[in-house]
Amino acid sequence: MDTESGAAAPVVAVGIRLHNIDKSFGKTRVLKDFSLDVFQGELCCLLGPSGCGKTTALKIIDGLLEHEGGRIFLGDKDITNLPTQKRNLGMVFQNYALFPQMDVFDNVAYGLRRRRVPNARIKTRVHSALEAVRLVGYEDRRIHELSGGQQQRVALARALVIEPKALLLDEPLSNLDARLRTDMRQEIKRIQKNLGITTIYVTHDQEEAMSIADRIVVMNEGVVEQIGTPREIYENPETRFVADFIGRINFIPVEHDNKNFKLLGKEYPLPGELVGIGNARLICAIRPERVQVTKEAISRAVVLETFYIGTGVRYKLAPLDYGGAEIEAEVYTPMIIFGKGDEVGVEMKSEDIRLFPDGNQ
Amino acid sequence: MINRDITTTASNVKWQKYFLPALFLILLAVFIVYPIVSVFENSLRIRGELGLDNYVRMFTQPNFFKIIWQSSLVALLVAAFSTTLGLVIAVIVLKTTLPLRRLFSFATIIPLVVPGFVATLAYIFLFGRNGLITYRLLGLDWNIYNWPSVVIVQCLDFTAIAFLLISAVLITIDSQVEDAARNLGAGEWEVFRTVTLPLLKPGIIAAMILIFMRSMANFGTVIFLGGPFSTLASASYNQLIGAYNIETAATFNALLLIICLIAFWLFLRAQSASNRIRGSFTGATRKPLNFSRPVKVVMCCIASVFAVFILMIFISVFLAALTRYIGADYTFTLDHMMRALQRGSSGIMNTLYFASGTALTVSIAGIILAYIITRIEFRGKGLLDSLATMPFAIPGTFIGVGYILAFNQPPLLLTGTWMIVMAVTIIRQVPLGLRTGVAVISQQDRSIEDASSSLGAGKLTTFIRIVLPMAGPAILVTALYAFVSTVQTLGAIIFVITPGTKLLSVDVFEAVYKGEISTAAALSVIMLVLSAVGMLGIYLIQQRGKTAKWIQRVVLQRPL
Amino acid sequence: MQKPKWPSMLLSIAVLTVLLPFAGCTGDSGEKVLNMYVAYGGPEIVADEFEKATGIKVNFLPMSSGEVLTRLKAEKANPQTDVWFGGGSDAFLEARNEELIQAYKSPNAANVDAVFKDADGYWTAVSIVVVGLVVNNDRMASKGLSVPRTWADLTSANFKGEISSPDPNISGTAYTMVSGILQILGEDKGWEFLDKMFANIDFLEKSGSAPPSKALQGEYCIGVAPDPHLTPMRNPGAPVSAVFPEDGVLAWPSPVAIVAGARNLENAKKFVDWALSEEGQKVLMQASPRVPVTNVETLAGVPALADLNMVGYDYIYWGAERARVLNEFNSRYPQYQ
């Protein structure tokens, strides 16, 4: 039943659910009432800065860490009290955690041997797994003879060969150089799509998450900031943290009078849910590529610096009559390129402006 | 004119470059090679005439051959048991959450500060024909003067070596690999068997070989507990001290050395092989192994029995030192301690001076030698390195005979003086000084020294101003290790001391020899205090040191 | 060129030289100095007292008697010392054969029994080492045994497994015992006697101090020992006592001799005289409590010569017969191989 590119037939995918997980290390609460719902067959990224709890969550799902309170479901099954050994989840560790004294074949075969799979079957399955990660012929190599990328692929093969119910990846590419990273992540995506296996992928690299995830879970300090598709996260960040963490963004404090807000001299109406917000301060966020740079506009700014970025131009602008803030604007395939010292017009559409409370984040 | 300057400078440099290595080479040749040659040469003499008779006798006379056979068998048994015990205890201490962990690790390393032969007295006291436990408690008429007793007591002594070596490796194992195994379906025991244990192989092999060597070289335990049982080391001791039959003693020792050198060679090969398969585990996290109940119980039992044995012996020693007459009269008294301090006072002072002198010389010579070997290229480097490491493999009895033979005539008439004793203690510790020095210097960033040179500083200046200060704490630690080691040293010393050059360890040996358990115990307590002071010093320095925190972890058992 | 190592080497050498009381041993003739190799207990006391008595400073080097022999052989062409004091008589016999020592008949030697000195004056005993038994009274009592008084008592089957003895192949003490019994009883009866006695002995210790030490620890009831009185003296409170067999005490002499070619000959002679004089013998008793060869007063616990039933042990004869006797011993008692 081997397909041409899979380790085995596509698995029956199951969803993974976490309900109200709490985890503390000593006095530090790393996960706070954390809940997560990963759909079957999707590649879900846990994205966030170091210490946000993403790896902890992953390890809890795999049963490698104890937790206080909450439940874990694999499909319909409550696996909260099931030991790691029985969860049948494939895990790729950050440092690959390959067994150094074994060769590639034995590493990949390890899980199969623990399941008492007969030797002949082991051979075929290992071969298929290595085929999937394009490492056929490396069976006798010792681990320390392999490059980083090759080790990573062995780790992946080892995790997939056991036909796990889901795949867990803990920053699998962080030890590789940039070029290899971009290549490998596409590989992983391709394999995942082929198998249709539910995958949770932990990373701190938002570009990586954006490029491969079906959905992203943005985490910060043990809580979920936002869950959504890459597009949703990027275009509609729901919290200031998400807005800041993903992509480049401008933050500009604004004044408001509970009905309208004033941004760089121009007035916009407050969005419905923020009307009557009282004394709370607000800050607006807008993506650089949404900042339109023209010759004429109501708001004016001076170009501080111009960066040519290949795909376009990035300006560092100092708005006039505003004092203080600098904003970035990106213009793709510009018709004119302004230089340092030029005075330009700045325009922003109200649907491109997000507003967040200021002061708490 | 320029050309001339360059050539003179070049030849100056060359002369300077070879001076120190040559000096060391000569010293090592005199104090290592020459005695070795003397012993072999003497073994080829029978009543003054050259001949292979001694060797022929050794391999054909049944009781001679028996000695060789027995020594190897005992050494193998001791190596196997001690390593297993050390492994079990290391795993308990570092990879479980069993409640008595600290006790086990403490008990296991007690033999490092209590001289082994004192333990034999305590062992006799507890389990002998008149033993507290065997005779007076259980009424058994048990003869302990046989080889199993030797094996047991040697195991009690040497398990510490296995424990420390295996712990050092265990600490570097990152639990991630074990987690990976769990994730792939391995039960706790399987994780241990298929992942942890193979990773421990280098430590296990090193321990087995080292303990084998130590057991082969050990004569004290065999003499006191062996009864009719002899080993190469004890036979050579008896031939020399008892019968003063130098030629036979030399022959036994020659064979002993060959065996130990082969073992040492295997050890070095195993080390280099394991260095190649090093995992890149830095900043390892350690997670306990959650063994099943029966496994935990078995491990606990083994460790407990072992710990109880050691503690019983340890406590007996203290009791013997502090009560009137252990076994008969348990009134507390400081008499023995006072008498030991008096009687052993010259021994104590001598020990302190020898130990300090050795420590000082070895740590400084060691770092200089290490610097020469790591940083300077010259012909004969490998030879110098091997030569300086060799004393590690040479048994004490061999050095004893060798030094007596080599240095009992002019121009190097050192026997009977303190100088020969000093030479013995220094040579014993040179490998330690060298290896630590090499470890320290290879860790140091070469570019700092290169910067110093490019700024015009000569090699000597660079050494004094850059290398030494950076190596400071390590040198200090080496000095302290050498100090403690010298305090404990008995082996070779016993042959070269004279009744005048008293050393504490020799005083203890003599007291044990005469069965004077109270005196022996009191002197041991003093020795223990000296050693403990040294160890404390090491601990305090390593508290602040960057390297090797594992002693702290292992001894004091920080929580996992 | 400065080597950083030297300062510390010099320092340690200096420190040690100041604090360790040893010097090399060469001295010029005519000076008030005497060089000596010593294999005797308490040499500092001996040296001190001799200096007080005669004003001659003694430079002594302690070592085992086997070592002295080796040294003297090595130094034959250029003797480094004047006196050899203490050790096994067999070593002195060999030294005489190799012409390493010279004859000197001290006037004080007249007090010493002919058995304890060389006929031609090559060496004279200053004390004797006695072969006896150390007995552990507690263990005897718990086994219901009574203390042996004679060698003959040791053949009783009651003592089976309770006697510890050194190996005559290695230990002078044990060899003296074996050959002594052969001398007392004659060879035929002697070997019969030894058959019975060694039937009680499980194994042979490799060193002379092991048997008394085992008796002290209560591991065995009886230990054959040289100078058995030393054990109870050094361990007051221990349940041990010394037995000097009433049917014949065996002993060998602990001699002093002048080295051939000694540079300080006159001083050497003075030392021999002093050692055999009453004052000297008193000092020696303090230095190392042994049975003296003269009738000087002994310390408590040390028997006087007159109290012992001495056998005139012929060490010269038995020394020569050693190989034959040991051969016979080893073939009769193969259980010890």
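Chains: A, B and C, in written order; residue numbering restarts at 1 for each.
We adopt the following convention: a contact is a pair of C-beta atoms (placed from the backbone, for glycine too) under 8 Å apart; a residue touches a chain by one contact, two chains touch by 3 or more.
The model shown is predicted, which means the values in this text are computed figures rather than measured ones.
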- [ ] If every chain is a node and every touching pair an edge, decide which shape results: line, ring, star, complete or other.
- [x] line
Task: Most remote chain, CA-based centroid, reference being chain C - done: A
TODO: Return the chain label for which the distance between chain Cα mean and whole-protein Cα mean is smallest.
DONE: B
Open item on the list: Rounded to a whole Å, what is the gap between the Cα centroids of chain A and chain B?
Closed with: 54
Open item on the list: Need the CA-centroid distance for the pair chain A / chain C, whole Å please.
Closed with: 89
Task: Rounded Å distance, chain B centre to chain C centre (Cα mean) - done: 35
Task: Residue list for chain A, restricted to those that touch at least two other chains - done: none
- [ ] Could you list the positions in chain C whose residues touch two or more of the other chains?
- [x] none
TODO: Give every residue of chain B touching chain C within the complex, in rising order.
DONE: 16, 19-20, 23, 62-63, 121, 124-125, 128-130, 143, 145, 223-224, 227-228, 230, 234, 238, 241-244, 246, 324-325, 327-329, 349-350, 353-354, 356-357, 360-361, 364-365, 368, 404, 408-409, 415-418, 422, 460, 463-464, 498-501, 513-518
Task: chain C residues touching chain B - in the complex, by the definition given at the top - done: 1-5, 8-9, 11-12, 15-16, 19-22, 24, 43, 61-64, 66-67, 69-71, 74, 136, 138-139, 169-171, 202-204, 206-210, 212-220, 231, 234-235, 237-239, 336-337
- [ ] Quick one: which bits of chain B touch chain A in the complex? Just the residue numbers, please.
- [x] 174, 176-177, 179-187, 190, 194-195, 198-199, 201, 276-280
Task: Partner chain B, residues of chain A touching it in the complex - done: 62-64, 83-91, 93-95, 97-101, 110-111, 114-115, 142, 144, 158, 162
